[in-house]
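After this come two complexes, each holding subunit A, first together with subunit B and then together with subunit C.
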Partner chain A sequence: MTQRKRLSNSPSLSQNKRQSGSFMTQGDSEDATFTQPSTSQVQRGLEKVTSAQVDQKTAEVVQYFLVKDQKKIPVRRAELVKNVVKEYRNIYPEILKRAARIFDQVFGLKLVEIDNRNHMYILVNNLETTDSASPNEWLTNPKMGLLFVILSVIFMKGGVVRENLIWNTLKKLRVDQGEKHEEFGDVRRVVTDEFVRQRYLEYLRIPHTEPLEHEFRWGQRADKEVSKAKILEFMGQLHEQEPQSWTQQYRDAYSLSQGAQATTSSLR
Partner chain B sequence: MSRQMGDSHRRFLQAMMGRGITDEQGALRLYQHCCETHKTQCAPDKLDDFIDTINSKLQPMFMQIRKGMSEDNGQQYYALVNMAETEITRMTSDYADNELELFRKTMDLIVSSENGKASSTEILNSTDSMTSKKLKKSETEHLLNRLVNDKWLCEKHGEYTLSTRCIIEMEPYIRAMYQDQVKVCHICHNIAFQCQICENPTCGIKIHNPCVARYFKGRTEPHCPACDDFWPHEIPEVRRPHTKSRR
Partner chain C sequence: MRRSRGGGDEDAPRQNGSSGRRRVEQQHGDGEEAGPDFSPAGQQEEDDDNDLGLRREIRSKYRDLINSVQQNREDMLSPSNNRLTEVLEEANKLFKDVRQAREAALDAQLLVVATDLGKEKASQLFSEGSAFDSATFAEHLPSQFVFPNTLPGQMGSRLLELSFMGLNRLEDEEDEQNRGSGGYLPRDAWHRLARRVQCCFKTAPSFHYMMGSFYAEPPPPKPRIERQRKAPSKEAKRIMPTQLKKMEESHQEATEKEVERILGYLKSYHQDDPSPISYYEFVIDPNSFSRTVENIFHTSFLIRDGLARIHMDKDRLPCIEPVEEEDVDAAGSFSRQQCIVSISPKTWRELIEVFEIKHSIIRPPETQNE
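Up next is the complex of A and B:
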């Protein structure tokens, strides 16, 4: 409790209180004004603050990421600096490093930069899924189950599918994009907006189509969080087939050229 | 008990982040599951130690897994709470400023009421004194639904109470904000909303309904534990924990 009192009296937090209403604002234009400080700048900056102040800022950054992660919204560096880091921007790299360590050691999450041009970050799960047979944790959540089906279709079809194929597949599962679903509500919105914003899916216009058509691909979060091997295992069980019988997919799921995926994937 | 955090602790914490709140049986099942998954020791009476280990690492983040009682059924619950800002941090990303103002007004009504409840009419009327953008009737109703869905309020027959999660999370805030009005249970010393009150005007202690049930169980002639006056209220039954496993 003493902690709390101390905190609510601290000036940095009362500032935080005032801005917290603007948590959702995007800070695109801000990025231009933020340049990553050099190592020596960080060193000099750290000499001017107490370690308690750095810890406090780190805690605020961690909280900010957790709030965003509840909705699976990626965090932009610019917005993080503007809303949370603020006057500590000269030691931003150190704060981010400490936050990443806390996510890893306390929460079992990994802080990943998914876009190094716009500097966007997401949290992915570091812990292995428990049941090796099927992605149970996903399937107990209906929305995640829906996503898993879509990701499976895309993967099995070679990485990219026209949207019609997805809608038809879902229709067979009695999930109709044109109707209000009792669990998901507006299915079309969930799939083409929510999953896309969360970076599970990419939904891109196919050029030169008339009427306009879109295609789906895996988003960056899916690449980081979802194991292709697990999908293949799941398909194998569904169709009573050996995963190896899908040669191309099997190679993709287990190939060493997927090294990047293998090291960062949370569902190894 | 080692204070070192392992993957079983991390998995437990992740699940709590997803659930927000869970009853004691749910927490025990989860504890067991996490220990089995990571092949670590699990003793049912060590749940609180296990959670203390997590809390020791959460503390610098101003977060905590806190235990509290449901005023409704007297069961123990565990909730992941945020202590960083005494104000409604976790709500700020989900609710607009005027919606938060109405939530605070609802808390005002509930805290200052005799029975820990606020009727929908009272809440609708309180929009007249809003300083931020006034909510329309339909917007207020929609907001109340959302607050119930998000487990901040409970609703029964058009009357609203604070949810268990809300009480556990906001207890320090409520104690600080409503110092003069806040009631504390004579038995468990936690903050009390839905409770019975001693009718002796010089006493007037409060006891939670579930605490009343436990305290007076089996006594034929109930007397106030503070002033020894006759306790004139109906003594509720002790509610057993429902063993049905609900997710």
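Up next is the complex of A and C:
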């Protein structure tokens, strides 16, 4: 626990440094209006408000997250401060800490920062998922099936694939990027826009390609939410092979889930 | 890179040829093809150079090859596919007759495409363990759509059974090509898959209001609301001033009329008896306090507009008299004084008694008579 704390503390230091660095060079970042208050500032700020006020603000933040999470679009710190925290911005770290505690203890969710530069947060299920059907509407959303196919192909192909491969695979499953799908509508938009905004996928231009080509990678949300080990297990069943037979993927999946904490911290 | 190579190769088909040979050697491990059988550059015959038909044919064949590689890229990537070797052999045959820069450039272009493909094939070879073939994956996956909890091995026969049972008649309307590549997918296929794979996701359940909520997407409705709001507000603005004007007008008209009416009484009274009229006798209506107040109010306009003037008589009681037409302008130049008249029901009654007022000079307007 202490180690974990140290791990999550030290990156936040470097992150502050990086932030101030980018602040100097860019100056136009969304965060320009908001700089993380220091611990002493927070302390001083807390002296000026009642505990009930802080709790009230925290509740608003929690609600904001829950509603925002309906669309699975990450919450940016800047928008959170602007829309909810407002005049309490000087004690923002304390409010976020309390919100994270509420998510953990009341909702069984984990508040995760997925992007240190832009300060974006998502909610991840903190409870063990069961194989039995859950009433989780989002998960029985057919789009998750589509997403699963794409993530699996990317993972099994070593982490990055050209978009053509994805479209070809989907075409074999009757999903054509040029056609309107009865379930997904404009599939191209779902895959290259919706999934990307939700941070399930990264869709990047491959440099020096003529004509223009793009590649897909796992997005930051996928890294936090999706279990590579479980995907590999599924692949094993599907191909009637041992998951271990995909040596590289197997190593990737299990090293990550073992040292997940360390890896995510180092990613920060 | 492609261009520079093509441009520089005008007089050096040999280089191109040797690169072609290298290509084949690179691929040697992949297929079983024999060594290249093209002739070295030295053996060209000069008269070929001018054979336009042949030139066009060579270019067209190169383009076809390049297109076929680009279009079938994914299939050619599959480890069992030998098409890349075949393409390279064909290219080597074509290269025998290459004489001009344009053809050499096309050859170089094909080389780029083939190399890219070769690189990816190679990366598959080098990866440890089993390779993953997305095509096989796509073939196996539909089994999960149909029977999410059965193992793939049992699937083939059951799928077949289903299609024999005519469950795929939905498919008949779709075109042949689709049927060939996709196979049969039930309507809720993607739901089934989502349910099957949900264990892979640690996605937070999303939060919903039991009684529903606003559709949580503010950007689209916003402009609509604004537009709607703007339109009526403009109209309202337009209506508001006209309404106000009307009210003011009618109010003012009523006041003006009343003021004029009172002036009429004052003048006719003055004509009948030019001696100063006691102010109180003039304004007081012994039957109504409120009428009295109204009269005082309206009379004050006469004073303000200089149509009447009030002065004190020898008993220090206020008297009122109309100002003659020709004096009106002159009256404006007099220094005006203001005073406030206050009256209460009590003073009103006292005044009536003292002045022995029996009837009002200003008759109440007919319209307001009940």
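Definition applied: the second predicted complex is superposed on the first by the 217 of 268 C-alpha atoms of A that agree within 3 Å, B and C clash if a C-alpha of one lies under 4 Å from a C-alpha of the other, contacts with A are read in each partner's own complex, and residues count from 1 in each chain.
One rule holds for everything that comes next: a contact is a pair of C-beta atoms (placed from the backbone, for glycine too) under 8 Å apart; a residue touches a chain by one contact, two chains touch by 3 or more.
Keep in mind the model is a prediction, meaning the values are calculated, not measured.
Applying the stated contact rule after C-alpha superposition, one finds that A:His239 touches subunit C and leaves subunit B untouched. In the superposition on chain A, A:Gln105 makes contact with subunit B only, not with subunit C. Of the two partner chains, both subunit B and subunit C are touched by A:Asn125.
Contacts of A:Met144 after superposition: subunit C is touched, whereas subunit B is not reached. Annotation for subunit A, partner touching more residues between subunit B and subunit C: C. In the superposition on chain A, A:Tyr250 makes contact with subunit C only, not with subunit B. By the document's definition of touching, both partners, subunit B and subunit C, reach A:Val67.
Within the superposed three-chain model, A:Ser227 lies in touch with subunit C and out of touch with subunit B [touch as defined at top]. Residue overlap on subunit A between the subunit B contacts of one complex and the subunit C contacts of the other covers 66-68, 70-71, 109, 125-126, 130, 140.
Residues 1, 3-4, 7-8, 13, 16-17, 20-21, 23-24, 55, 59-60, 62-63, 66-68, 70-71, 102, 105-109, 125-127, 130, 140 of subunit A touch subunit B in their complex. On the subunit C side of its complex with subunit A, the touching residues are 73-74, 123, 127-130, 132, 134-144, 151-153, 178, 181-182, 185, 188-208, 213, 216-217.
By the touch criterion stated above, subunit A contacts subunit C in their complex at residues 66-72, 109, 122-126, 129-131, 133-146, 148-149, 152-153, 156-158, 164-165, 168-169, 171-174, 183-184, 224-227, 230-231, 234-235, 237-241, 244-250. For subunit B in complex with subunit A, the residues that touch the partner chain are 5, 7, 10-11, 13-14, 17, 33, 37, 57-63, 82-87, 89-90, 92-93, 96-97, 172, 247.
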